[in-house]
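Here subunit A shows up in two complexes: once beside subunit B, once beside subunit C.
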Partner chain A sequence: MILAYLGSGALLAALIMAGFAALLSFWAGWVENLVMIQVGRRAFYAAAALVVCASVVLEAGLLTHDFSLAYVANHTDLATPMPLVAAAFYGGQEGSLLYWTLVLGLLGSASLVASASLGPRLAAYAAAVLASIATFFLVVLVLVASPFDLLFVTPPDGLGLNPVLRDGGMLIHPPVVLAGFASFAIPFSFAAAALLANRADAGWIAHTRRYALVAWSLQSAGLLLGMWWAYHVLGWGGYWGWDPVENVALMPWLATTAYLHSSQVQERRGRLRAWNFGLVILAFLLVVFGTFIVRSGVVPSVHTFAISAIGPWFFAFLGMCLVFALVLLGLRAGGLKSAGRPAAAVSREGAFVLQNMLLIGAVAVVLWGTVLPLVSGLFGQERVVGESYYDRAAGPLFVLILGLMAAGPLLPWRRAGRTSLRALRWPLVAAAVMAAFMMVAGVRSLPALLAIPLALAAAVTCVVEFGRAIAKGRLAPIISRRRRYGAYLAHIGLVVVVVGVAASHFWQQEKDVTLTPGQQVSIGGYQLTYAGMEQRQLADHSELVAAMRFGDRTLEPARATYAGLGGQSLTHVAISTTATADVYVIFAGANSDGSASFRILVNPMVSWIWAGGIVIILGVVLGNVGQRRAAPVPVLTPAPLAAPS
Partner chain B sequence: MNVRTGLLTGGGAVAGTVLMLSLGWGLQHAAMTSPHLLGHPAPPLAIQPAAGGQVSLAQLQGKPVVLNFWASWCGPCAQELPVLSAARESNPQVDFVGAAMQDTSGGVEAFEKSHSHPYPVGPIVGGSYQSYGVVGPPATVFINAQGVVVASFSGPLDAPTLAHYLALIAP
Partner chain C sequence: MSAVLKWGAVMVVVAGCVGYLIYSASGGASEYYLTVSELRSHPVYDQDVRVAGVVQGDVLHPSTPAGFGPLTQFSEKDSTATIQVVYRGPLPDIFQPGLTVVAEGRLGADGVFRARQVLVKCPSRFSTTQYTS
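So, the complex of A and B:
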């Protein structure tokens, strides 16, 4: 009981502080009152500290099994293992909103502490925008979705966590995804502040880029963990289903990928300034859109939270953000004239512009697929699109992006002369050899014949660049320009992911079988023998486990039944992973004659996706951690045509 | 503001308005679930009514079908039964099927004695509720005359929501 009052009190105080910080910072920025700017910023820190207090109180309620709190009773029970009880903090609607606000408060405070060099006015506006976003979340937490609501009667035990969430992955996937989503608010706040303050200089772009990179890295990790979760926990045999919840996480990532590249054009050539603002703002709008989609349950998804009263609130928030962004961009973008003339089409700048167009095209394709049920519903007949739509519409864009990954890094900034075009021979040769090899091996699928050779070409480009640097002066150039070489490492990681995705997409094999004990099945050159099944009783559920002998191992796919949750039943898949392929066994059900039904898949090279993901994150971290200030050389004067820069 | 900025802002405003109107429409209509099924043929499913024999979706092909997953122990299922029964009366061109899930045959029989369904109901004897992505009852799947899943809904149906989905399969 006391915890409920403490938590609600902390949230209410945080709301008042955040609202105060927003109003004061806007006013103080407007009149450039330095003292009040300082006060406004400290009010934001205070709001963040109060959100930390509320989070600690909720966590205490969970860990002490305080079932007087509706949130604790609805999402945990006495049988839930302690780490999962702690993770229930973000396992439900209300708690995950509090977690979102917590990340916003902490990252927002960190970004404000580091914003002193941007000048008081811009920092004040950034604090105001951050505090406004925090105010919205706190209003929802206080008025509509409080995690501190009390039950009239305290039950002896809770309902328990949704069985799908009772997995070790729960400890890492949701917090990273939610933190990724929340962190896009930071670059947005600084972009909006720069537009409000009418500033778009190098200091702004370096600061915004740093936080965009944080958001991008968190979102990359979140997407990969989501794919890992879908593959290992949801157990339908794949890792990506173009589900709206996946789409809404992918779109801000694509927009920020575009920004991380186009911001280099602004750094080096002073161009694309309005475009860069647009991308940062678009990424945040997509995050708010995604949050609305996931939490309101308006489109069909595997992943929506229970339908609740917060849908209209997020709808209104999205509307306000859209109007704010459009008005701000409409009023200020005209004044953001680019400094230099556009470079030739075949140049690094040209490659970045084309890559940006393709990425935004991909965002448009994914957005259309996501909202189609609603747009078509508005005009009469509801329609949905399936995987083939995304394959056909987004696939060619992604193939072209791979081509640009192979060519772009070898092109100079201004104009590509003959020497730099000659540098393209290595990736071209690699792609041609790979394509020929695949043709000889009997591959006839055009998408596969394009994707894999181009991925190889992109990797060769990065290796050539590393080779050149090492030839020049061993590791010194790589360390001194580590942002650039970190990016190449991330490119190599992405290539590894693409190869894994392409192989598992084009060459997946699948078989539905019913087997009696002792019977064998063969798929993709693998032999499996069904040995029998047994019932096991565990702490919070029972499992019907089938034993499938595979070489000298036994795979144990199972069906778990949670008696305490109305008999909800869940599939536990069994996966045997190697570098070349995963053997993936789903136990579909037991039959009365003692036989059992299985779906067995052979998914080639899925482990490459996880390995490549780790390389991407490593590349970004090694390239940027400890880099005090990104200081690339501006290329505003004509560059020599010889070697690519 | 120059012409290009004006055009871009105007385009953004139009796209934003359509998006917001669509999302607003979405808020007015209940959410569907099981996206992997939508637009795809309904997975095979058969039930065994107490009267004997089997009713399978394959037999019903050619007519729109409302497939309701329910259980005798489930309160919201009893709550939506009058809505389904009324819709059954007013839509004779649509077949209704009640697939009991996570239930016992004794439970189903006892439920039928107290709240009889005006359409075939019984435990699932072919296929599974999992193949429809259903986690718990009640959940309702709307299948058109071609056997394709057009929409699905989890939770108890009310009359306007059911009418909305019925219009999708039996225009």
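So, the complex of A and C:
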């Protein structure tokens, strides 16, 4: 009971502080009152500290099983293991919004600490925009979706966590994704502040680069962890379903990928100013839009949050952000004329611009697929698109982007001459050899014949660049220009992911079988023998386990039944992973005649996706540790709360 | 030609291509998303549709001929209409009477819906009931 009052009090105080910080910072920035700018910034730190208090209170309520709190009773029970009880903090609607606000407060504070170097006005406006976003979230937390609502009667036990969520992945996937979403607010705030302060130079880009990278890395990790979870835990055989929930996480990632490339053109060549503002704003709007889609249930999705009253609030917030961004861009467009001379089409700049257009094209494809049910519902019968739409519409764009990944890094800035074009011969030769090899091996699918050779070419390009640097001076040039070589490492990681995705997409095999004990099945050159099944009783559930002999191993796909939870069952898939293919066995059920039914898949090279993901993150981290002005970049954990400056 | 014009032209070309890709891909690949009563009142036989409804209590697993996946028969209902659904394959874990499911497949001339895939709306919490303050 006392926790509820403490928590609600902290949230209300945080709301007042954040609102105060927003109003004061706008005004102080306007009149350039240095003292008040400082006060506004500190008010934001105070709001962040109060959000930390509220989070500690909620976590305390969860860990002490305080079932007088509706949130605790609805998301945990006495039988839930402690790590998952702690994870329930972000497992439900209200708690996830609090977690989001927490990340916004911590990263926002960290970004404001050194912001004074950007000039008082820009720093004040950045604090004002950050505080406004925090105010919105706090209004929702206080008025609509409070995690501190009390129950009239305290139940003896809670309802517990959905068995699907009772997994180690729950401890890492949701917090990473939500932190990624929250961190897009920081580049947005500084971009909006630069526009408000009428500053078109690249100062805001340099200052927020590490936060854009943090957002991008968190989002990359979040997407990959989500894919890993879907593949290993949800157990339907794949890792990506083009569900709206996945799409809304992919779109800001695509937009930020574009920004990380185009921002270099502004830093190096003073061009693309308006475009960069647009991309950062777009990424943030996509995050808000995605949150609205996911939390309001306006489009059919297989995993929506429990439909709640926050939909209209996010819709209103999306509208306000959109109008704010458009008015701001419209007012300042005149002052964003590019400095410096335009570049030739065949140049590094040209490659970046084309890559940007293709990425934004991909965003448009995914956006259209996501909102089609909504749009078509307005004009007639609701329609939805499936996987083939994305294959056909986004596939060609991704193939072209792979081509640019192969060519772009070898092109010089400004204009590519004969010599630099000659550097393209190695990736070209590699792609041609690969394509020929695949043709000989009997591959006739055009998408596969394009995607895999181009991916190889992109990897060869990076290897050539590493080779050149090592030929020049061993590791010294790589270390001193690690931002560049870190990016190449990330490119190599992405290529590995692409190869894994392409192979499992083009050459997946699937078979539904019903087997009696001792019967054998063959799929994709693999032999499996069904040995029998047994019932196992565990602490809170029972499991029907099938034994499938595979070489000298025994795979044990199972179906678990949670008697305490209305008899809900849960499939545990069994996966045998090698570098070349996963053998993936789903136990569909036992039949009355003693036979058992399975769905068996052979998914080629899926492990490459996870390995490539690690290389990407490694590339970003290694490329940015100890960079000028940058403390080691906190890539997977939120930055610590900064002390008031 | 000025740089703005040149890149503007490239942008128009790329936007045109993306627009064409979206148009051509969504034409062939989109399916109707219907409720049970919509499918009943305007039956669509010649193409795949998705139909959403609540699983009724008549879920049956007829004995399965060897070589096929398990067969499930159930009916799906919304406020006014009911439809019989037949599906062969592993069902989603949380499939049970009372849950809203989306069946993707084709309506047969006999009025039975043959599903290729059955999706269950994944709830963020397990129980359909929850405590309210």
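The working rule: the second predicted complex is superposed on the first by the 628 of 645 C-alpha atoms of A that agree within 3 Å, B and C clash if a C-alpha of one lies under 4 Å from a C-alpha of the other, contacts with A are read in each partner's own complex, and residues count from 1 in each chain.
Keep this in mind: a residue touches a chain if its C-beta (ideal position, glycine included) is under 8 Å from a C-beta of that chain, and two chains touch if they have at least 3 such contacts.
Owing to the predicted nature of the structure, the values given are computational and were not obtained by experimental measurement.
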Touched partner set for A:571, first subunit B, second subunit C, both or neither: both
Contacts of A:329 with subunit B and subunit C, given as first, second, both or neither: first
Partner chain in contact with A:589 - subunit B first, subunit C second, else both or neither: both
Touching partner for A:384 - first (subunit B), second (subunit C), both, neither: both
Touched partner set for A:155, first subunit B, second subunit C, both or neither: second
Of subunit C and subunit B, partner touching more subunit A residues: C
Partner chain in contact with A:393 - subunit B first, subunit C second, else both or neither: second
Partner chain in contact with A:358 - subunit B first, subunit C second, else both or neither: second
Touched partner set for A:244, first subunit B, second subunit C, both or neither: first
Partner chain(s) touched by A:438 [first = subunit B, second = subunit C, both, neither]: neither
Set intersection of subunit A contacts, subunit C complex versus subunit B complex: 236, 300-302, 304, 373, 381-382, 384-386, 566-569, 571, 588-589
Subunit B contact footprint on subunit A (complex, rising order): 236, 241, 243-244, 274, 289, 292, 296-302, 304, 307, 311-312, 315, 318-319, 322-323, 326, 329-331, 333-334, 371, 373-375, 377-378, 381-382, 384-386, 566-569, 571, 588-589
Subunit C-facing residues of subunit A, complex: 70, 73-75, 91-93, 149-152, 155, 159-164, 235-236, 300-306, 342-343, 345, 353-354, 357-358, 361, 364-365, 368-369, 372-373, 376, 381-386, 388-394, 396-397, 512-514, 516, 565-571, 586, 588-589, 591-593, 595, 597, 599
Of all residues in subunit B, those that touch subunit A in their complex: 1-2, 5-6, 8-9, 12-13, 16, 18-27, 29-36, 38-40, 71, 73-74, 102, 128, 130, 133, 135-136, 150-152, 155, 168
Footprint of subunit A on subunit C - complex, ascending: 2-3, 6-7, 10-11, 14-15, 17-18, 21-22, 24-26, 28-34, 38, 50, 52, 61, 63-70, 88-94, 96, 102, 119-127, 130-133
